[in-house]
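Take a look at the following structure, please.
Naming follows writing order (A, B, C, D, E and F), and every chain is counted from residue 1.
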């Protein structure tokens, strides 16, 4: 099995807070990430697609094809934006890297042909990253029923 | 001559805009960096001090001493903050990396002992950086007179 | 499933040698890493925790919580130390990256709440790394009986 | 289980094209990678070996042993070469990173003692990588019968 | 004084050789870089512009403006190309990083407004770089006379 | 003018201490770098040579030539060594990065042909570096007299 990986990055502002909590409770939960006026990051994104090689082309999936999907569906929406306010698919979602990875997965997974999405990694600093490998098949079936 | 360099980083939100301009004019001037709700970066900071080696210690200046100055005077003020709103020494200043480098220079230069500040570099992405080496001596003298 | 990863680093000296072997035999086994007076590295550490997202917070586990565990239980013990001499939990252990990964796992795994330790990676140079994913469940049960 | 990883790099020229296709069809398939006179990369290679720790040495496999295998069997053959023309084991193969990962796997896997090859990752830029984890066991058996 | 720096990269093939020399003499001069069928690199380019800050905008020169010049005048010409064959402004020039830095300087320097070109750095690996800071003013004057 | 830069690295142990001071006084001066049993780093070294381009070759100086000088004169002496004990040219010298940069300069500068040594940078972590650009001409003359 092959796993093809592309990387991209975006620069965005965010604030971690639950609207139902006081500023003090948000600070207790999210620390300095709850700063009321927000802060920001250069986010690193890795998108990995698993598949078999096509012997005729020597490729699983064209890098450019994944890159274009990621650019148009994700990077163009989140780069140089405020993730709490500006992004339609983040509305009502606390903009943690976990939630971003999960949402990016949901956006990308139906669009991948010639393979299947393997994982999405989002990092907000080189020292803080989350990898999401999709819902487990068992739970997916339950979710469908 | 020796140049001792330390590096630090901070994550902050900013928006580039001139209050006297319309949103369209700001976009023409600053592009996507003028997004009204802001965006953000992991900023990289390099502070360089020039000096002579002290033969007794083998050091120009203790790395920890510069690091502590930079942490307390700069990083603690800007990390996880909104640079347009939250930072006293950025008030009324358009938060470009040029202005940050200049202001950080002004904050640090009187505090450096055992050497003199050589340059300050601020980067907002690995591909976009500014180095400020201080006002030229000539202009400094003029400024003093 | 989500995998949350934090990274840290420490600077330490070590020497690879077996006390029961001659200097020549140690050199044959460990090469230049057996230098009798030691050498050192900036070690890179990645700690990964697997878990489910808490919909109320959007987090699996707070990055800061893992970071504090890693800092207090590991980094504070090994940073700027001699791993053959100074570190209680390394006593009597050949300080290879394999052994460090295994010991760090054993230290961290009972302390992780809201998830379970997924892997520990220790690198002594960017080109030399080891990932340890814990004892296999089967062997773990045997070890318990 | 431990996974020991070493990294190496090589600088090479390549051109992606199928000999049975016109220049236009190759451009449609491979984009700018089909440039008739070739282009090139600094390729990054990660080789990972899985195994158990030898308690007597604290190692799974000596880093130097893997490094030497990788250097002699791969790097010495591909570094500062044209992958379409100069490399015996790439002859007749479209030099995609997928094909390189697969061929490097086939070269290395019979040579690994004290463990088994876990994966091979080849990247042509930091943003474009492929990981190959070998043929699946089921298919391997079929292939043997 | 401020120095604004942008970075870009390009992937290209090249061969170092003097047409007037034998293959052996080229190997003696350029080593493995003289491989007759070429090799390649991911080249790193840094372009630095020196200037004064415009207090009205907080900028020396818009990063995007430099980036667009570099992309259109350089990257679009050399990326995914063979530097010995495909690039008009490299024709008849041995494609060393020294020559690239010098030629990129000559291309960019008349196009920089709001400042002057300070240096151009070209690296073919992270370990091999050349910085060119332009002809010295003295020699420039001589060259003009 | 061109500045050609090569980079190398070495892994070594060191301890910062003055033999004439108590352990407490050394800790006050050098902090955790005074740990009695030592610690270590992956040191990064940059060696820069300034010169004019040779139009016949397109090079200032062959990268390999500098690399070989640096490898044989420096890296082979300090890599996987204890800098306080094992290295002849460090004997009696407090192994700060300042002193290393100065000594490496003195070792390399008479060996550079086709140009002159421009600077030597030694870093013990990515965040802590020293650049040495040689004794000033004035002081050099005094030293000669």
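In this text, a contact is a pair of C-beta atoms (placed from the backbone, for glycine too) under 8 Å apart; a residue touches a chain by one contact, two chains touch by 3 or more.
On a predicted model such as this, the values are computed, not experimentally measured, just so you know.
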What's the overlap between the neighbours of chain C and those of chain F? none
List every chain that touches both chain D and chain F. C, E
Between chain A and chain E, the fewest touch steps amount to 2
So, comparing C-alpha centroids, which chain is the farthest one from chain D? B
Please state whether A-C or A-B has more C-beta contact pairs across its interface. A-B
Rounded to the nearest whole Å, what is the centre-to-centre distance of chain A and chain D, using the mean of the C-alpha atoms as each centre? 28
Which residues does chain A have that touch at least 2 chains other than itself? none
Give the pairs of chains that touch; include all such pairs. A-B, A-C, A-D, B-E, B-F, C-D, C-F, D-E, E-F
Touching residues on chain E, where the partner in the complex is chain F: 16, 18, 29-31, 93-96, 98-99, 101-102, 126-134, 136
Can you tell me which positions in chain E touch chain B when the two form their complex? 1-8, 53, 56-60, 62-64, 67
Complex contacts: residues of chain C adjacent to chain F: 9, 11-14, 32-33, 35, 37-42, 79-82, 85-86, 124-125
